[in-house]
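The following pair of complexes shares a single chain, chain A, combined with chain B in the former and chain C in the latter.
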Partner chain A sequence: MNNSRKSFLKKSRRSFLKAAGISAVAIGAAPAIKAVAVASGGGGSASSLPVVSPKAEALSAKRWGMAIDTSKITDEVVESVVAACRNAHNIPDFTIEPDEEKYPKTRPAKKMQEIKWIWEEHYQYAFPEMEDEFLAEKYKVLPFLVTCNHCKNAPCVQACPTKATFKRPDGIVIMDYHRCIGCRFCMAACPYGSRSFNFRDARPFIEKINPEFPVRSKGVVEKCNLCAERLAKGEQPACVEASEGAIVVGDLEDPESEVRVLLNDNYAIRRKQELGTEPSVYYIM
Partner chain B sequence: MSKNAIIAGLAVFVAAALFPFWFNIGGTNAAPEIELSAKAKAAKKCVLDKYDMRANHMTILNDWRTSVVRDSNRMYKSANGKEFGMSLSTGEDSCLGCHTDKEKFCDRCHTYASSAPYCWECHTDPKEVTQ
Partner chain C sequence: MLEIAIKGSKKYWIWLGVLLTVMTVAFAAYIDQFMNGLMITGMSRDVSWGFYIANFTFLVGVAAGGVMVVIPYYIHDYEKFHRITILGEFLAVASLIMCLMFIVADLGQPTRMLNVLLYPTPNSMLFWDMCVLNGYLFLNIVIGWKVLEAERNQVKPPKWTTPLIYLSIPFAIGIHTVTAYLYCGLPGRGFWLTAILAPRFLASAFAAGPSFLILLCYLVRKFTKFDPGWEAMQTLSKIVCYALIANVFFFLCEVFVVFYSKIPGHMAHIEYLFFGLHGHNALVPWMWTSMTLMFVAIGLLIVPVFRNNETLLPFTCIMVFVGTWIDKSLGMISGGFVPSPLHHVTEYIPTVQEVVISLGVLATGLLILTVLFKLAATVKEEVRG
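Up next is the complex of A and B:
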């Protein structure tokens, strides 16, 4: 009995080692087999996975920036630029009378609730730190256009708790309105007042809705997006088109670009440079 | 003596619990038929096949939004080889560019399913503007 038990054990051990050896080889070979399978069979299915890409005609830059030639900004240019931006982005104009039939009982909006993407400002408010005692007379009356500066170190991006506001790799500070919770931290953080909060439903105050761009819902913050939707289609921003050459948008990192050539040939200032936000909008004086 | 009260109470309870069922007996609550626009019919292929679209269109829209806003990728080449502009309502190759009738395509099912997506709070049906 002892003998047979021994032989049983012996046999069992032998077969156990055999099985263990084969298993070890199989486990060790599994990653290699998988890799081969992906390389051959998986290669075919990889090509049929969906692919996303920018549009072929899209404009691109390392860092988008803007140069505004203050000598070319007249009241007419200001008006057409602001109107172009308004139409392009469905920005409400609270001075218009809402359509009584379509939007009955709409309360008039307050001035402080206005939505601004690009707007006219006077020199002393746009550049409050430049308190020159004997400032050239013309700067006291000249209209200035101010907008989001698409800062390199954007404080609004740092303030946003939901990453609704973020900086694209190409320098545009842009918002995902779906994600905005309306906390307005960004508005407090922005030293330029470039952000507006939607206190109201904007639709009654939009003369003609442009279906090419969404309207914003009540309770989100909005601001200039440097016409990201137009750049993606290979078009220049709406303000550039309407400005009769006063506004130029281009790549700040490219020394050959129109913006850089202009900045090289002229003296230009930026708003509140001392704050270290590194604005990307330059004013050619 | 309490037997009757219990039975009566139970009857009331069962009737109340089954309220949605008996209330809807005889009602016409058939699932709505989606009407494809002529353009969508002619195109034959959507982003995914029919049943995948039905189940996952919301996920796709979510992914598209992230791709467009965050990565600036606005073109989508589907697994079936067709290209789309990643937009709900702008352009010929967007969702509404093909499914031209929002009322018959989106709203019917959403209303039936009591789903109220907030897409249209901001996005605009181009037809609504021209009307």
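Up next is the complex of A and C:
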């Protein structure tokens, strides 16, 4: 059952890629992949992976990965990507003024205690070990988007003393916010600064709460979950949708996935590759 | 035996009253932290551990330092330490309780702390740290209590305490080794990523612990009729001397490796601590103070005339204690987090509330220490009649 489904998926994807052309990126691909997934669904589990939602329309992969086309990242793209992630996941914005009536006597927020899932950095910070005084000018000013790398060998997963941070069989490094004790060992362990701690109750600083996603309580760590909740519904991650084709997610283990095709055709780098964490986020240069 | 603790002089009760007052104020500050979260601290996204974990790390060392009296007495039959062994064990008990309190104070969700037991995770160093810390605490409570009780009844301690005493020695080394492993196994933190971290932690522990014990001996001598013995204190000061030299030596080895190899990710942290980075230099005066204190203390401990001077020794010990505290608390934690893995410089300065809560933990530890030392001193007075 599973095998026949897989080969069908593969075939569909292949024919789709042929039709759309190899350069096609997420903006076109999102609805198409969704259509393929829905069309091929109907009969039982979408994959052999136990944790992944059994819903027929779910997008699945052996190992999820992301490719970010740095040439397509503009300030506008950054802004809409960050906003899309913020709205999808109830990430507080410490720059807004809390509603006095709803949240009286809210203490002022400290910027350095903010929460970030995906954000903008410059090259020298995204790739600090690759600092180069003669780096091409364009890279010095180019905005880079950084987020959780969903590492294959994730130091945060190794460090967590309660398994609140764990790795799903499909490669997504994800958190159980109800098990986290807030020891922040994972934050010390992450070499990418991708984790944030809820130093306070986030609610006063969320403009409009999205009821589809939980608001985290104070005292727990959080980070990018690759929109696992959207993938389970057959939707593309919020950042991919907002990125105007600059961000693509897909199966790194599938040589014919869009991500792999992009990686095959372009030179791509990963952050702090020398540490052996095997990040799943690639930057196409 | 506990009844001894409720019979004391006026000074004893005033001291306990002072400690209880500090504890009450700190508890109120903690309730506020419990309700509102760790936002009340100076910690941040980039510096996610601060004063609590720093003091925790230092106090693990003080606790492990107790083994410096246990080894000579129980393994080498060094009789001079007979009187102070119990003090070393009780110091370990008080320090470990402070350690555990600092951990709880640092947790974002302290009510969930038992998750560490409910979902034991052997690949996490924090799990092992919990095991060895609680194990060492348990061992010291049992050993200290049983040995003191036996002394009071003027009988030999029960035979089953002997294997526990021997077991407590690897545990003492273990608590500080595993605590160092919390830090030195993390791939992205150049400052901590060094095999010398655990030995350095132990060296600084064997300086800080015994130097504090010497100070406590002075206090015991002053406030009780029990005399721990000048010779024992002198031997302790030699131990402090060797350990402090080892600590500074290990640090200089680190400095050589980092600055001769010139790997930027490793240099940046030490540069930040001692010279400042991109205009951020909050810790520079502290680190130089620490180095000065440790070097001067080494001088005062090496030269016999200074080391054997009864008036000077307590000041030397204070220098060792403060110097190693800055080195291991302030420097070790902030130094690891600044600059961040993305090489941003976010400085950490603890808030007043954070310091008050920490003082509350220290007051609790001192209260436990006072009561335990009173038990020990009173029993020893009784026995000597």
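Note that the second predicted complex is superposed on the first by the 232 of 285 C-alpha atoms of A that agree within 3 Å, B and C clash if a C-alpha of one lies under 4 Å from a C-alpha of the other, contacts with A are read in each partner's own complex, and residues count from 1 in each chain.
Convention: contacts are C-beta pairs under 8 Å (C-beta built on N, C-alpha and C of every residue); 3 or more make two chains touch, one makes a residue touch a chain.
Since this is a predicted model, take the numbers as computed values, not measurements.
K.L.:
I want to verify the contact counts: of chain B and chain C, which reaches more residues of chain A?
P.N.:
C
K.L.:
State whether A:Asn266 touches chain B only (first), chain C only (second), both chains, or neither.
P.N.:
Neither partner.
K.L.:
Applying the touch criterion given at the start, work out whether A:Ala228 contacts chain B, chain C, both or neither, answering first, second, both or neither.
P.N.:
first
K.L.:
Touching A:Lys208 in the superposition: chain B (first), chain C (second), both, neither?
P.N.:
Once the two structures are laid over each other on A, A:Lys208 reaches chain B alone.
K.L.:
In the superposed arrangement, what residues of chain A touch both chain B and chain C?
P.N.:
217
K.L.:
Within their complex, state which residues of chain C touch chain A.
P.N.:
Those in contact with chain A are residues 36-39, 41, 43-46, 48-49, 103, 106-110, 112-113, 115-116, 118-119, 121, 123-127, 130, 182-183, 186-189, 264-265, 336-337, 340-344, 346.
K.L.:
In the complex of these two chains, what residues of chain A are touching chain C?
P.N.:
Those residues of chain A that touch chain C are 107, 109-110, 112-116, 121, 124-126, 128-129, 131, 146, 155, 158-164, 179-185, 187-193, 196-201, 217-221, 272, 275-277.
K.L.:
Under the stated contact criterion, what part of chain A meets chain B in this complex?
P.N.:
48-56, 58, 166, 168, 170, 174, 176-178, 208-217, 228, 232
K.L.:
Touching residues of chain B toward chain A in the complex: what are they?
P.N.:
Listed in rising order, the residues of chain B that touch chain A are 65-67, 69-79, 85-86, 89-90, 118, 121-126, 129.
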